[in-house]
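Labels for the chains are A, B, C, D, E and F, by order of writing; each one numbers its residues from 1.
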Amino acid sequence: MLHPLTYEPIVRAALAEDLGRAGDITTDSIIPADATATARLAARKDGRVAGLDVAIAAFRTLDPAVEVAVERPDGSDVAPGGTIATVTGRARALLTAERTALNIMGRLSGIATATRALVREVEGTHARIVCTRKTTPGLRVLEKHAVRLGGGFNHRFGLDDAVLIKDNHIAVAGGIRPAVERVRANIGHMVKVEVEVDTLDQLEELLTLPVDVVLLDNMDPATLRRAVALVDGRMVTEASGNVTLGTVRAIAESGVDMISVGWLTHSAPNLDIGLDI
Amino acid sequence: MLHPLTYEPIVRAALAEDLGRAGDITTDSIIPADATATARLAARKDGRVAGLDVAIAAFRTLDPAVEVAVERPDGSDVAPGGTIATVTGRARALLTAERTALNIMGRLSGIATATRALVREVEGTHARIVCTRKTTPGLRVLEKHAVRLGGGFNHRFGLDDAVLIKDNHIAVAGGIRPAVERVRANIGHMVKVEVEVDTLDQLEELLTLPVDVVLLDNMDPATLRRAVALVDGRMVTEASGNVTLGTVRAIAESGVDMISVGWLTHSAPNLDIGLDI
Amino acid sequence: MLHPLTYEPIVRAALAEDLGRAGDITTDSIIPADATATARLAARKDGRVAGLDVAIAAFRTLDPAVEVAVERPDGSDVAPGGTIATVTGRARALLTAERTALNIMGRLSGIATATRALVREVEGTHARIVCTRKTTPGLRVLEKHAVRLGGGFNHRFGLDDAVLIKDNHIAVAGGIRPAVERVRANIGHMVKVEVEVDTLDQLEELLTLPVDVVLLDNMDPATLRRAVALVDGRMVTEASGNVTLGTVRAIAESGVDMISVGWLTHSAPNLDIGLDI
Amino acid sequence: MLHPLTYEPIVRAALAEDLGRAGDITTDSIIPADATATARLAARKDGRVAGLDVAIAAFRTLDPAVEVAVERPDGSDVAPGGTIATVTGRARALLTAERTALNIMGRLSGIATATRALVREVEGTHARIVCTRKTTPGLRVLEKHAVRLGGGFNHRFGLDDAVLIKDNHIAVAGGIRPAVERVRANIGHMVKVEVEVDTLDQLEELLTLPVDVVLLDNMDPATLRRAVALVDGRMVTEASGNVTLGTVRAIAESGVDMISVGWLTHSAPNLDIGLDI
Amino acid sequence: MLHPLTYEPIVRAALAEDLGRAGDITTDSIIPADATATARLAARKDGRVAGLDVAIAAFRTLDPAVEVAVERPDGSDVAPGGTIATVTGRARALLTAERTALNIMGRLSGIATATRALVREVEGTHARIVCTRKTTPGLRVLEKHAVRLGGGFNHRFGLDDAVLIKDNHIAVAGGIRPAVERVRANIGHMVKVEVEVDTLDQLEELLTLPVDVVLLDNMDPATLRRAVALVDGRMVTEASGNVTLGTVRAIAESGVDMISVGWLTHSAPNLDIGLDI
Amino acid sequence: MLHPLTYEPIVRAALAEDLGRAGDITTDSIIPADATATARLAARKDGRVAGLDVAIAAFRTLDPAVEVAVERPDGSDVAPGGTIATVTGRARALLTAERTALNIMGRLSGIATATRALVREVEGTHARIVCTRKTTPGLRVLEKHAVRLGGGFNHRFGLDDAVLIKDNHIAVAGGIRPAVERVRANIGHMVKVEVEVDTLDQLEELLTLPVDVVLLDNMDPATLRRAVALVDGRMVTEASGNVTLGTVRAIAESGVDMISVGWLTHSAPNLDIGLDI
């Protein structure tokens, strides 16, 4: 659940970034201050809606009396041309906030739509699609929320809420065991520990240690299948690397629990959404 | 030119977003506080470098004594595997700032690389590639900078630094002429005025008015060519709509001055950049 | 148009600056929390009203239920003793916000009043009165708004929304031509270019270059008249330097398009406005 | 003493206000990044220097390596054409920060110069010149500092550091005595209490109460003299109202301890200071 | 009187600190978004209520429609099990804001309760209980408010609203007299001056100087009594050092005006308050 | 590890809170700007040092050239009178930052000292001492750090980094099982789940569910022992409620893994630390 406390500062900063110092000099010159209008937020392409609440906050920030009729709330599917919501209020507010609202919704809906596509691909398997920390600076909370709206799940939100031991950590520590031991000696009991392995040999060593999740990095589906068998339910298994719409099904069928995908949040194309007045 | 005054708050906010409350609990548990390391920022794919200064600021924020040897500064081309820079400092700082630095550089270099591709396509023509206001909330200045590093130019930075009269404005004003007149009566003398037209009829009306730039929206190359002939140098011409690597050459050859492209900043995929320690 | 998004942070900061840590210890000690009062915002001298919306925001911040009856909105003229607005609400809120509200309105109305005086002086001529970047740190948007309410127009709002090439730039570039060329090679197509000249010789060189506005600095009316004739409508002309109520008419009659005045925003005396309870 | 902690945020905000999103597009287009220059901060008119440290911070923010040779530090007198300081550093930094530095120094030096004039007028008398809370929103600390540099003293800094009971408070409380009693029952023992009186009758009543300072508002010099005699050293006396360069001497000769002047901080004209490169 | 302007930023920051990036994942997973509930704020121990307005702001920030029935407002006494207020609103908001609200109220009520205990001990004497600057970073205004709600009074709020000359200042100045003289030459007329003395000899020297308050540090009751006799009403007397519930009565009976207590704000234990749904 | 990025804003806000608008008027009036001094941070009582880095940052903020010789770094034990560090720099900076530095260090060292006492009590047992979310608003990161310096461990840092299902959640969900199921369906795979139980019956139900940690609330040592036996290593066990120096040993000897203590962070008295110049 996104609190306004979380997204309102982002909306206000985005509006301020667009208004600059002099404000919307086009709209303010042409549109009378008391003119009202109704605008339709509509998808130009098929997709999953995300960020509508945030977009509405953009309009409300400029006109607190804006009225919104939501047809497809966050998490709904929308067809090309489908109306997402209708917004009625001061015409100036609608025109001035338009770009900010669309920039946010387009990005978040793009992420939700890409997530939905991967989730549909793995339907029927055991695997969950999860995102990473490869997010846009300042928007992580919103982007992780969009992944959930697309049917995915969230990996850790930052460096502080879970442990992920990678190759560099292992190299400096002098091995997987000492790395895990140092972590166990320092962290609290509410923190999960994941370790990245590249080979089945590393995995076998790992299975003797108190670890919650294993990250199987860049393994092909056959290797993943052997890894899953080796783990045999003793840890959560997560696959990463080279995940596309074309490969995700085979990865999922290896039996892994989680498939993490960086490009969901850093390279999913915006969903094309327009505002028709 | 990007001032640290501009990007340091973005870097600090991005680091804080990733550090959360407890900081990098993996690195702090495993890596000794006084360990030092050297890391190589390297491209995994061919591209144009952008955001290196900002990425360096991320490392410097955690370790002010970090030393950086730059091989390919902002605006350089880099081949797959090519080293962009080498960073030496406290190992904890390098590992903790890694994701923040890469998230920023990956996004900005992705934009610069996409811009470069379009610019190369139109080489030899008159046309300049320009970006729009379809940017990521909070990152507009950085993303517009990346477009310039890719060889493109910037359209207006916000609603306040230039006038762009669109169809909605014209509809409320009751025509192009009254819209332009209201704008001229209100704005300062240092502000340019652009008007969007969809047809050549609209263009003819526009040519009788004091306008600096005409936005020719969603016209095919043949229509664009006729529009350019009609304008005959009396205004700057800008084409938009349906611009891809496949279409941009034909659009440019119509003789337009500017080609504006929204997806450069909202949907260009990240450039894959890694940090090897 | 000023958005609350723009001025509310200024109002809140100004109130916080005055409240300090312990708040209004005089009013809180003496006035019961539930006492209400009506206060009249009245001009002590003749002037043009500016900043009323901002002042009202100061009262509303301390008492959201304040009711305001506006008699002379922003942009109106007011005679000595004339009521600008009547404010009804909690007595503590009125007394505590009084100084903040008056400090803002006094300053902005002072600027609007000074602008009005210059505008009246040039009535019947072609010239517009415009302000500069010589504004109070933190208040530029408000002060530029006050100039518009006084009947003036705005020059650029900052270093980024238009180009103004001054003598120092020309000196480093090695001449007007290379300076203009470097600018043209770098800036976007929505940005206007102005160049400052001190002599008619410089002006003649300038007229061969792609420049939108010429700043005729510190020229007497006779020279300005010759400059206007030389330009002959090919550029917008702007005069600056030594503009006072006594000189502005003669400058305007030279035929220049714009007269820019620094002291409007940095040295116009406050309009004396009081709050009578 | 002004701490950088106090003025750096003001300087950074002022620079950001001027740089906007795209920065100094004129300077960045024309001046090479590695060009250096020396600039001379010089007064165009006679005055008292204030705000030099703050102005230097503006240059340092853009170029931390700037070197400054101060000739006339804050609090010095400067003649027309006199050099205040010489600044050497990157040419871009000097040109870009110029307006911000001058806007701050011009305003503060204007206040210091006006204060100096009043202080000189009352030389040889007992009276101190003090400022009020009629300051520019956001700049109170700087403006009060400028008053001290001009030889004046500060009245209270806000609503919370001292009590000032005015006519409105007295009216609601039902008299001077109950107002003073309510204050005494509520405030701490480190807070001074001042009461405004308009007549000698009010003053006589006041003299029976535990009050530290009396504000004699809008009294002519003869009445002030009688008031001072009445008080006879039992309270500090402060005169306010109609204080100009022409009237201040007579007011001071009445024997009052303090003369408070609102226009020092809200309407003193800027001191004209330039930057010669 | 605490303005929302003062405490709302503290509340929002506290909520943001607790919500982190992902929000209340327990409550959001389990409690339906539209479920409502009523919660009772109740004391587990006997005490004095403080911070209720601030706690309510925590609930309101997450659910603006929350309704509150206050039984024991700030400044009331509450018995173990006594209801302070009843809060009705969205169940998620109540559960999510619970800890923030209780952390604030528990701390402030703890301070008020400890103050009340000291105030009751000195009942019938002349002495007032006052707090110091030994407060929690960021919460000084709230903690000083809690002291007042407990029946105490406030010493200065910071380094800027009153002078307190301590032994280190005296040592550098070369004596009490030069220290006081330097202060008198620099400060405004609305500022009180206090000097700390450790012996009666120092006190005798001090009595010849223009000082408002004397801080009698670490003197036993007998010495305090002699000090009060020496001062004989010429200054306000303040005792500090070794003030406990066991010693405060004897200190007060020495006749001092003020007793200042650091631990009220830095070490008073929280009042145990719970939220029962 | 605490990053300056984390604590510098807290330090700057704390200094600003103490400096107010006019700064340290006592020190600035008396101490010459160029005077230097050496100050000794010394404990008045036996304790564990915490917050030294943060305190040093307070001095450095006012005088970047301050030199510090650390004798007992964070995490060291100090005896009454023992020197923690020696600070040399501008005398004004030392005196002005003193209270801010001591307020922070006193609070954090108080928490570390209290934690140390509990940790020592349970020495030889299996149990770890952990803190809760009952922290001071704005200081949670620092206070949790102090607990670690005292030898304790951290429970979750907020509502978002781990799940803790309490009685209210269970009541609304209609039982422990549906509550756990809803959580499992929503949260990511890197998040641990804890459930609070009050009785052994509840515990038995819980043991059939996928839960990581059980919170045994308010059970006496005998019941705890039976609970630990029941769990038999299948979950982490945590005891809470009525934990004091007198009871903690018996609780630990029950065999629980964790003992959580709210008062460590909300009611531990400050460690008395002084600054001797």
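By definition in this document, a residue touches a chain if its C-beta (ideal position, glycine included) is under 8 Å from a C-beta of that chain, and two chains touch if they have at least 3 such contacts.
Bear in mind the structure is a predicted one, so any value in this text is a computation, not a measurement.
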Touching both subunit E and subunit F (chains): A, B, C, D
Copies subunit B and subunit C touch via same or different residues, half shared test: same
Rotational angle, Cα trace of subunit C fitted to subunit F, multiple of 5°: 180
Chain pair among C-F, C-E or E-F whose interface repeats that of A-E, sharing over half of the contact pairs by residue number: C-E
Between subunit A and subunit C, centroid-to-centroid distance (C-alpha), Å: 45
For subunit C paired with subunit D, centre-to-centre distance based on mean C-alpha positions, whole Å: 22
Touching two or more other chains - residue numbers and ranges from subunit E: 17, 19-24, 28, 140, 154, 157-158, 160-161, 187, 191
Chain contact topology (line, ring, star, complete or other): complete
Residues of subunit E that touch subunit B when the two form their complex: 17, 20-21
In the complex, subunit B residues that touch subunit D: 1-3, 5-6, 140-141, 144, 154, 157-158, 161
Subunit B - residues contacting subunit A, complex: 10-11, 13-14, 17-31, 35, 37, 91, 95-96, 99-100, 102-104, 106-107, 110, 133-140, 157-161, 163-166, 168-169, 171-173, 179, 182-183, 185-187, 191, 263, 266-267, 269-270, 277
Complex contacts: residues of subunit B adjacent to subunit C: 128, 130, 153-157, 160-162, 187-192, 194, 212-213, 236, 238, 257-258
Sites on subunit D touched by subunit B in the complex: 12, 15-16, 19-24, 28, 33, 61-62, 92
